[in-house]
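Please find one structure pasted underneath; my questions will follow.
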Amino acid sequence: MLKLENIQAGYGNILAIKDIDLEINEGEIITLIGANGAGKSTTLMTISGIVPSRSGRILFDDREIQRKEPDEIVRLGICQVPEGRHIFPELTVQENLDMGAFLRRDKKEIKRDIDYVFSLFPILAERRGQDGGTLSGGEQQMLAMSRALMARPRLLLLDEPSMGLAPLVIRQIFEIIKQINAENRTTIFLVEQNANQALHIAHRGYVIENGRIVFSGKAEELLKNTDIQKAYLGI
Amino acid sequence: ADTIKFGVAGAHSGDLASYGLPTVNAAKLVIDQVNAKGGINGKKIELLIEDDVCKPEVATNTATKLVSQGAEVVLGHICSGATKSALPIYTNANILVMSPSATNPDLTYSGEYPNFFRTIAPDDMQAKVDVDYALDKLGHTKIAVIHDKGDYGKGFAEFAKSFVEKSGKAEVVLFEGVTPGAVDYSAIVQKIKKSGAQAVIFGGYHPEAAKIVGMIKKKRLKVDFLSDDGVKDDTFIKVAGADAEGVYASGPKDTTGNPLSKAAFAEHKKVFNADAGAFFENAYTATLAMVNAIEKAGSTDLAALKKALQTEKVDTPLGNIYFDDKGDAVGIGFSVYQVQNGAFVEMK
Amino acid sequence: MDYFIELFCSGLTRGAIYALIALGYTMVYGIIGLINFAHGEIYMIGAFTAFIVATVLSIYGFPLLAIVILAGFAAVIWSSAYGYTVEKIAYRPLRHAPRLSPLISAIGMSIFLQNYVLLAQTSNFLPFPELIPEFAFMEPIAHIVGSTDIVILITTAVIMLILTIVIKGTKVGKAMRATSQDRTMAMLVGINVNRIISATFIIGSALAAVGGLLIASHIGQINFYIGFLAGIKAFTAAVLGGIGSIPGAVLGGLVLGLTESFATGYVSSDYEDVFAFSLLVLILIFKPSGLLGKAETKKV
Amino acid sequence: MLGFKEIKNGLLVSLWFVFLTFPLMVVKVDPVERIVRWRWENSLYVAIGTFAVFLLVKIIIQRRSRNAAVDKEAEQKKESFIHRVLASPRQKFTLIALLLAVAIVFPLFSSSYQTNVMTTALMYVVLGLGLNIVVGMAGLLDLGYVAFYAVGAYSYALLNHHFDLGFWAVLPIGGGLAAIFGILLGFPVLRLRGDYLAIVTLGFGEIIRLVLENWSEFSKGPSGISNISRPGLFGIEFGLDGAIIYIYYLMIVFMIVTIFIVNRLQDSRLGRAWIALREDEIACQAMGIDKRKTKLVAFSLGAFWAGIIGVVFAAKTTFINPASFTFLESAIILAIVVLGGMGSIVGVIFGALILILLPEYLRALSEYRMLAFGAILVAMMVFRPQGLISNIRRTYHSDKKFPSPTQQ
Amino acid sequence: MMATPILQISGLTMDFGGIRALNRLDLEVHAGEIVALIGPNGAGKTTFFNCLTGIYTPTAGEILLTPPGSTKNVSLKGLKPNHVTEKGLARTFQNIRLFSQMTVLENVMIGRHCRTKAFILGAILRNAATRREERQIVEMSYAILDKVGLAHLANEFARNLPYGAQRRLEIARALATEPFLLLLDEPAAGMNPQETQELDRLIKEISTDGHSILLIEHDMKLVMSLSDRIFVMDYGKKIAQGKPSEIRSNPAVIKAYLGEDVDA
């Protein structure tokens, strides 16, 4: 479904990702792991069109999207939960969720989805009228996740969705990822520091180091690889 | 040099540009005519036009620039403030300066600026004319004096106030400044109404005057409105339209009968395809006077020029004039006009 | 008491005028956080366009109603076009620049547009045709409120209502607020940020044009410089009311107008602006984000 | 190099501008005579002009991106030429010595007009450096800086007028008074952030000007104060030309002293606190920095310089009135700081020289002067949004060496 | 050990409009301890830090600080953040708040601000005392950076640092203010397991240097390994407190926060 070919991107004089090749098939959960600053977030931002790619191609359903505007990319069904949550601070929880469904017109379904995310994270329902900016860190993370779900994406890019969450909720988040992948056949591209858990739910994984993919394979293989265990799993 | 360098300085951009640009046109018209006739004593005249935005600090640059470029006489500056800051520079270089519009009394009265002349009456003179008219001819006893907070308007208003007070025939019931450019003057008009004034004497320029008389009409207030030569300008009638009817304004003695004046306006229309604008006649007059003085003096030496200005009379749109030893023009009489049927009519 | 009412009405008109311009100011500020110093010039251009069209039409003998409608229409079209173009040329390239750079660009634009109109038209004041006739039924109270005052007040109120509904209620409005709060995230939920910003400038400029038409016909004259003071006052009004807030802009405008009016009436118009600015300082000390502005949410 | 697409776009853009400028450029009405003039030729000029500018901009952008792509290294080197010079002490001192030499001989070789204009530019360098403390370092957007300038100017004008005090006596008084005003303004507005601060400072600037305009008994109102004495030197009075040169050298000295002081401030404990305050107020307070005190000091120091230069200003023009202290003046000083590169001393110097000398040298364009000035201001911001010269922070080194830990 | 606690909180309450984020909280920290504060998202942990450090003024309750070795206590309630820091309390932020346009070293040097004196005159004259002070600031900052392992990056801009390094820089900056009690808000968030282990070591080291530590964290492995005592909050209230082993098996905590089968 999504294919990156020799993608380079960066900020100013820094080239943050150099030559990324990867491929995601419909219905998969793919995880990208790597050390801090390896270029994971940049990869996601490049897919979403926020950071412009300097060379290479990004194909979505075999169509080039690397020159498209971010909103067009969202329109194609690629949504992202960005690192650092990016809640609209002065919109209420409810309005933040509405923004997630910005491109949708099916009012009834939207309502159903709102009820659905509230059932996932009851605390959000309690905070419905509160400004997003005053939520606690974890609540914001839940909101960010819910907001992305509201778009009913075909491909969901998740950047460290478990950051700052309580252990109980982390497990819940991974369950949800598995669930939407299984039920809606939403394809997932997951970036996680919590590589261990990520690999447990993923089908395949990529390892990025200094802006380059250095390893890829089935999730189980990665879990067994001793180098990866040492470097990223903390074992 | 083979040309005579004639400086023109004033506000050519910024909010006061409309008072400075007509002077440039006037100078161009006169100098073109002179040059067409072969110049003065065989020398052509070259114009050096410099903007001072009516700001004192810019005016010093303008002045030093003109001096450095070898200007021999200068027409300008437009604003009294800019003129005051520029004058020491010209004084130092012994250059004659003649302003068409700087009305601050100090410029001539103080005696500090020996090289300064002007073709416009100082504030106090006009104020006197207006006050006398309001008290003696119109017989008002309650006067509101309003001004635009500017150096010209406020200066004029302060004189008007003191003349009214000194006369003992009337009292000043209101003395206030309005903010030029404000979007609405109804509050001050209501205040005039409350003060019970029979006449408003306004110091300032026609845009504000037009707004105030418009508002006076709108608020159905019946007062006489008298003002200065910043208002005695055809633009005022154009802008204020019907509201202008009945407004009094002081200005140089009737010039409409003066063929030179007619010719100047016609010439302007022909060359620039537009109306002349503020101080055009004064600038035209000043240019003629300076050209005449240079011709008579046979040089641009300051002393010779001064002498020529003070002794040689010259025909101008404002009349047959010469200058007194302070630098003010003599022969530009002042009278009061009233707008009647869309034109200024001199009140005898 | 009469005097009080008279001053009050004067203040309302003045305030509504400020409000009309402040609305555009506050919208633009709300979305890109830019103090758009060129907004006053957009207003001036709107007034000039209305002047030109109205005068041409009246020379060609059109009826008053047609003149008002066509002049208004033209003013809105061209002001919006200028607003859109200015944003594209002077602000869009500066999206990622340090915060103050667009401010300087805006000041440059303001100087440019003033001189552009000065050169293309004239430096002189021009008489603005009276587009709003004196309604006969108003005659009994004409010495307190005139027809133009009423039209200005009503227009301001209507525009404020419509805008508030648009911003609070509609998708576009929400997209505007979202864009202003987090541009990256707005893109990530599928908002075309450039289009939303352009739309904001177009709406803001259209409002300025309406203001230009009404105000110019109230004052009866225009020149290339009228935008400057109006712009500063509108900016003050927008901040007073809480910048970014639509009802705030109107409230701010009214408070400012009333303050100036009463200051003139009971103290002296010499110091009306001093009163206005002192009030501003005072209000901001007690309500640092303006009358209706949202208090800063301080969550760390 | 320029393809068909660019040409087409260019045509579209010029078409748009023809439409845009139609009412103002083509139609001219005389409302009284009731004449309409259609100046169609202007549309042609607009079309051609826009097309040319469009292509020019395209070419510049292409050049830029090509350069950036082909040899980024070289580009970078060129970019940081000034930085490199400043980084190497030897080159730095050579450069400074050279500039100083030029500055010293300058008045001997140029007309008094040139000297005068250069003095003005130098004054704005110092004003820019002063405002730079407030805006560039402490991040407080001040749109009313000119108020302090006015305080300085009127201090000298009034004290000179009434008490015949000399330039040197008033210099510290003017600076001190301005600093006090800075604190007075600072107190109420400290709670405000960002652009709310901007409007209040703007208002404050206007209040000062309006008071000067209306309180005639005190300030002589709009007609201003004339015949202010030029500065002397130990009782020596100069003629006009002498005074112009004297003030020029005075400003050179002032500028050097200011640069020296501002430079030291920037690299001090206080300077660091200002910059941190600009970055994040909350974190700053959590680090134990007293927000109020630090901001107040920034305000009053900035104001101090404005006051000093105000005194020089009054002495130089010998006449002042409130019209010199309008908002536009504050805007220009702010533009100097931003254009130069916020917080950068070298940048401010360049910014002041450009923005003050530009309108003077644009005089050649006569009536198009301010039009061009506005356009250039926009263009400079668009092409160098981060300012001409970015700030370089001093780097600190420890006596001990800390090797980078071996990568595993 | 019944020494007076260095920090003593009683009845601390914080309301936001209708929401009671802290509900009569009692808590104390003793000298030399590492105390962890855990609880579900939105329990009020960060709010608690904000009340301590003067960013919020609590609705009710008392906060008493007793510098080690002293018997006199001071109330922190209502103090401004900078005064709290001067009293010896420093913190890091959950959402990183570094001075991103400043270098790593300068960030730490800012931390020294409240322990140094040079002012305008000192800055301009750069006299001997000022020079000495600056020297000390630099040396000390370098030493702190070395401790957190960032000395080699001293002259980088803070914004260019990887996330994990930024978290450590936050700690370094807080340490520079010489706190006797250090408040850490989720220091391990966004770190990978490897970095978390390094952080574990770092915090222990800081503790042995004599700083007491109050820590908010969701990474149970880290919490269990570090803390002497743990407080558990939910809905602004304390629901449990005790040794790690006790907390791990506390049913209320498991229900509200940990969930069944903790793998830590």
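Brief remarks follow.
Per-chain residue numbering starts at 1, and chain names A, B, C, D and E are given in the order in which the chains are listed.
By our rule, a contact is a pair of C-beta atoms (placed from the backbone, for glycine too) under 8 Å apart; a residue touches a chain by one contact, two chains touch by 3 or more.
Only a predicted model underlies this, so the values are computations on that prediction, with no experimental measurement involved.
Steps from subunit A to subunit B, minimised over paths through touching chains, total 2. Hopping across touching chains, the smallest step count from subunit B to subunit D is 1.
This structure's chain pair with the greatest number of C-beta contacts is C-D.
With centres taken as mean C-alpha coordinates, the chain found closest to the middle of all protein C-alpha atoms is D. Mean C-alpha positions place subunit B and subunit E at a centre distance of 73 Å. Per-chain CA centroids place subunit D at a distance of 42 Å from subunit E. Once the centre of each chain is set as its mean CA position, subunit B and subunit C turn out to be 35 Å apart.
Residues of subunit D in contact with two or more other chains: 31-32, 214, 282, 367, 370. Shared interface positions of subunit A, i.e. residues touching 2 or more other chains, are given as 134-135.
Counting partner chains per residue, subunit E has residues 46, 55, 93-95, 97 touching two or more of them. On the subunit A side of its complex with subunit E, the touching residues are 14, 35-37, 84, 123, 127, 130, 134-139, 141-142, 160, 163-171, 193, 195-196, 231-235.
For subunit B in complex with subunit C, the residues that touch the partner chain are 13-15, 17-18, 21, 149, 176-179, 181-184, 186-188, 190-191, 193-194, 206-207, 210-211, 214, 218-221, 235, 238-241, 243, 274-275, 277. Within the complex formed with subunit D, the residues of subunit E that make contact are 53-55, 80-82, 85-86, 90-91, 93, 97-103, 105-106, 109-111, 113-116, 118-120, 122-124, 126, 130, 133-134, 137-139, 141-142, 145-146, 149, 151-152, 154-155, 173, 176-177. Residues 16, 19-21, 23-25, 27-29, 31-32, 34-36, 42, 135, 141, 188-189, 191-193, 195-196, 198-200, 202-204, 206-207, 210-211, 214, 282, 327, 331, 334-335, 338-339, 342, 367-368, 370-371, 373-378, 381-382, 385-387 of subunit D are the ones that touch subunit C when the two sit in their complex. Taken in their complex, subunit D has these residues touching subunit B: 30-32, 37, 111-114, 116-117, 120, 213-214, 216, 221-224, 226-227, 239-241, 244, 313, 316-321, 323-324, 360, 363, 366-367, 369-370.
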